[in-house]
Amino acid sequence: MNKPVLRVQDLAVTFTSYTGNLFQRRQRQLRAVDGINFELNPGETLGIVGESGSGKSTLARAILGLIAPGRGRVMWNGEELTGLDEEALRQKRKELQIVFQDPVASLDPRMTAGDIIAEPLWTFYPNMERLQVEERTRGMMKVVGLLPNQINRYPHEFSGGQCQRIGIARSLVLNPKLLICDEPVSALDVSIQAQIINLLKDLQNKLGLALIFIAHDLSVVRHISDRVMVMYMGQAMEVSDKTKLYRRPLHPYTNALMKSVPVPDPKLAAAARQDSWLTGDMPSPYRRPKGCIFHNRCPFRVKRCEADIPALRRMEDGDWVACHRAEELDLSIQVAASG
Amino acid sequence: MKPEAETKGLDLTVEDPFAEVFVEKDVRGRSLWLDAWQRMLKNKAAVVSGVIMLVMVLMVIFGPMLLPWEPDYTDWDNTASPPSMETRHWFGTDAVGRDILVRTLEGGRISLLVGLVATLVSLVIGVSYGAVAGYYGGMTDRVMMRVVDIIYALPFMFFVILLMVVFGRNIVLIFVAIGAVNWLDMARIVRGQTLSLKNTEFVEAARACGVDHRAIILRHIIPNLLGVVMVYVTLTIPQVILVESFLSFLGLGVQEPMSSWGALVNDGAQDMESAPWTLVFPAAFLTVTLYCFNYIGDGMRDALDPKDHL
Amino acid sequence: MPLLSISNLEVEFETAEGVVKAVNGMTFDVFEGETLAIVGESGAGKSQLVLSFMGLLAENGSVSGEAKFRGEDLLQMKPRELNRIRGRHIAMIFQDPMTSLNPFLSIEKQMTEVVRHHQGLSREEARAHAVEMLRAVRIPDPEERIKQYPHEYSGGMRQRVMIAIGLLCAPELLIADEPSTALDVTVQAQITELVGELRKKTKMALVLITHDLAAVAEISDRIIVMYAGEAVETGTVDEIFYSPQHPYTRGLIASVPRLDRISDDELQAIPGNPPNLLELPIGCNFRDRCSEATEQCLERPPVWRATSGRTSRCFQGIEGGEIVNE
């Protein structure tokens, strides 16, 4: 067995905001990430899926130390990242990198593609020769499928997909061991999304990266993940092996997410609509439901769900789920025989 | 640690199915600055103003050397004479026979210099102060901006008059006084811009890449707020020139024999009825300059923040 | 008679790098009560197409051609007349609901203003009407929520409010520009369902603009696939999904990741990037990304039309169809 490179233990992030007026200041706590546990092996991909507000992006930033967690630990190769001082954490950035959601906004509009990709090199290898930096930058551009002769172009001269490739090149230029992709394709055209996903998968295989891939859509993470974690209001609802999750999800919320994925087929789409049942929005994070946090949107709820909080527990086959009725519900997905 | 040793493991070659054919020659990029510059060149008012200002600056610098008169030379044969080709006083002379043209150009030196230097001072102080306050935020920001508020609350004219009374009239003092007040606005503008820039994804990306705070401010924050700052600068220069003129008009500005447009307008205003040219010419130079800077500022704002999109 | 009849519409932008033709000779009709989807990648010109006949182009844009709404050419109208049409007869919903709502006004204020302006209702009548509309888009507790401000609504709820505002004056045509792209899949599904349902009830025509074919599969009647400012394929929803003729359409369908099939193969993507309108390839615009391109494609492809009325701009043609141009 591989030793996990990343171990996240009971990680929690709480944001405090103040409301009220000058005289009556009220403090409100928002539990963005609420006790997340998982391990990640080298070369493995964990998909994290949830609606906006589920805390998946906050979790990513907390793992990287871009946000200070309120509780819990992040262990990287046996070393605790939480609690490192700023400089020590900065040094660790060589090994842990991130790709952002908005490909255009995450690139400085006044820098050339080459400078953007080279910036981490300037930061960590200030003595590296200019030519060497340029050579490495051009090499990275080739790796992510960009023409190296575009090195002097600016972000606004590239399409969204190309900008995301620049972002990936920047995150890989230091040869990291872990790459966190925070919704890297949700701002791209559907026709381009697959390019980026395939590229990441390919790079991961060749570089042996550990990968965390975040999305709000289960269909997007399917092709790249080994395991998938479904998050809801800062908590993990289900952590399952990919093949099992897409055939027979354990949690009603996972099932709901799968059913809301649109089908590119007019007749099937109409049929699929018939049994989609996820209604309403996520409750306000300030007013968490008692008992199971999902119970007010869950069609399978029973009395118990309104009172008892279901713990994330391990099923016989090694998957994790936080639902009282996981054993009795059969949420198998009907699938066509082949693509 | 040698960089070679550290970067050795960095070599990776992966083929991508979408990799295109590699062409040797590098493609030139079009920076946002270049785009803005080209848009600016299409703005007629701004271009004409720019050319006029260039001519004005050249005239002010070299004009007095080429003209036959010294600024403080008194031509007793032609006191208060109107503009004429024969006397070679093209703009006429004042009551004591000094050539108005050469004095206007000399005065322009001081006025433009005050405008440039005071703006530059406020630029340097304001940008670094505002960027630091905005970027670090929290307590640093609160303390720094309260200081600005306090200085802001001092009545400016009172402050200047006090300085003049205590230290005597002095050209350097004018720079200091104007600069000391003008950087406050600049700091506020820069801080506001920095606050919004610091939350952009590209700054977060730089942090995630391990770039330190100093480099983030210098490399990402300042270049991205330079556009707004430049527009503000072009609008500050005429403002500063006006303030100096106003001080000179009150008799608090530059001292004889030195002169500025404000001082000349003041002199001219006193002889307005008998010798209107002593007022008209310096006033015209001053007005043209103010207009030009405003047009350039407007042009820059439109060029940097285009309304046309695709 | 069609409700909206677009013919030979062209949109050009003057940019620093040259003149860009964002829409190049689009011709199509929208009939009463039908749903037309305009599908394409970013840069295909689908948004500019709609903005142009709504009189909302950016300053450096210009439009030519014809856009007749009930026989009146929108492009020839004075801004005042166009204003009367917009909102009253044609309503529009944009991608980002937050930027389309004024954060300083309550939902009630923003909704009643529209009705009072266009229909001259009293305040109470307008309010009652607005509440009714909010109920129609299934906002719970509309009497209370109408008093709130945009930031108190979630993204999905805000988009519902935008739809409610669009529907207030019972327009004959509703244009939705990527109404659900910025939203979660779960909410996307709800919005799509809602829009489809409302259309059935009100008999208005609907134009949906999107980059995601899957999102419109269920609710559209006809589809126009756009590429580089041109229509590359048009047809009914069944024609497009079950027998796509143009390679680009096939690519768009294949690139949708599906959960209803077991397949661990690589995801299908359309290679390359959306076209740069300043450097279009010679011949067929899609040639450099097309896996089926041949020598022939170095020339402009003709438009084929089948007897059913469907068209395809490709040398491959349509079986039983004929070339209708060039």
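In this document, chain identifiers A, B and C correspond to the written order of the chains, with residue numbering beginning at 1 in each.
One rule holds for everything that comes next: a contact is a pair of C-beta atoms (placed from the backbone, for glycine too) under 8 Å apart; a residue touches a chain by one contact, two chains touch by 3 or more.
All of these numbers come straight from a predicted model, not from anything done at the bench.
Undergrad: Tell me which chain's centre, taken as the mean of its C-alpha atoms, is farthest from chain C.
TA: Result for max centroid distance from chain C is chain B.
Undergrad: When contacts are scored as defined above, which chain pair ends up with more C-beta pairs, A-C or B-C?
TA: Between B-C and A-C, contacts are more numerous in A-C.
Undergrad: So the centre of each chain is just the mean of its C-alpha atoms; given that, what is the distance between chain B and chain C in Å?
TA: The computed centroid separation for chain B versus chain C comes out at 47 Å.
Undergrad: Using Cα averages as centroids, what's the distance between chain A and chain C in whole Å?
TA: 30
Undergrad: Of all the residues in chain A, which ones touch at least 2 other chains?
TA: In chain A, 195, 198 touch at least two other chains.
Undergrad: Residues of chain C touching 2+ other chains?
TA: 269, 271
Undergrad: Would you mind listing the residues of chain B that make contact with two or more other chains?
TA: 17-18, 20, 30
Undergrad: In the complex of these two chains, what residues of chain A are touching chain B?
TA: 64, 66, 90-91, 93-94, 97-98, 100-102, 105-113, 119-120, 123-125, 127-129, 132, 136, 139, 142-145, 147-154, 156-157, 167, 170-175, 195, 198-199, 202-203, 206-207
Undergrad: In the complex, go through chain B and note every residue touching chain A.
TA: By the definition above, chain B touches chain A via 3, 6-7, 9-14, 16-20, 22-33, 200-202, 204-212, 215, 219-220, 223-224.
Undergrad: Name, in rising order, each residue of chain C that touches chain A in their complex.
TA: Contacts found on chain C: 41-43, 140, 154-157, 184-190, 192-193, 211-215, 217-218, 237-238, 241, 251-253, 255-271, 273-274, 276.
Undergrad: Where on chain C does chain B make contact in their complex?
TA: 13-17, 20, 22, 48, 58-61, 269, 271-272
Undergrad: Any idea which chain A residues touch chain C in the complex?
TA: Those in contact with chain C are residues 51-53, 159-162, 189-195, 197-198, 201, 216-220, 222-223, 246, 256-266, 268-270, 272-273, 276, 278-282, 333-339.
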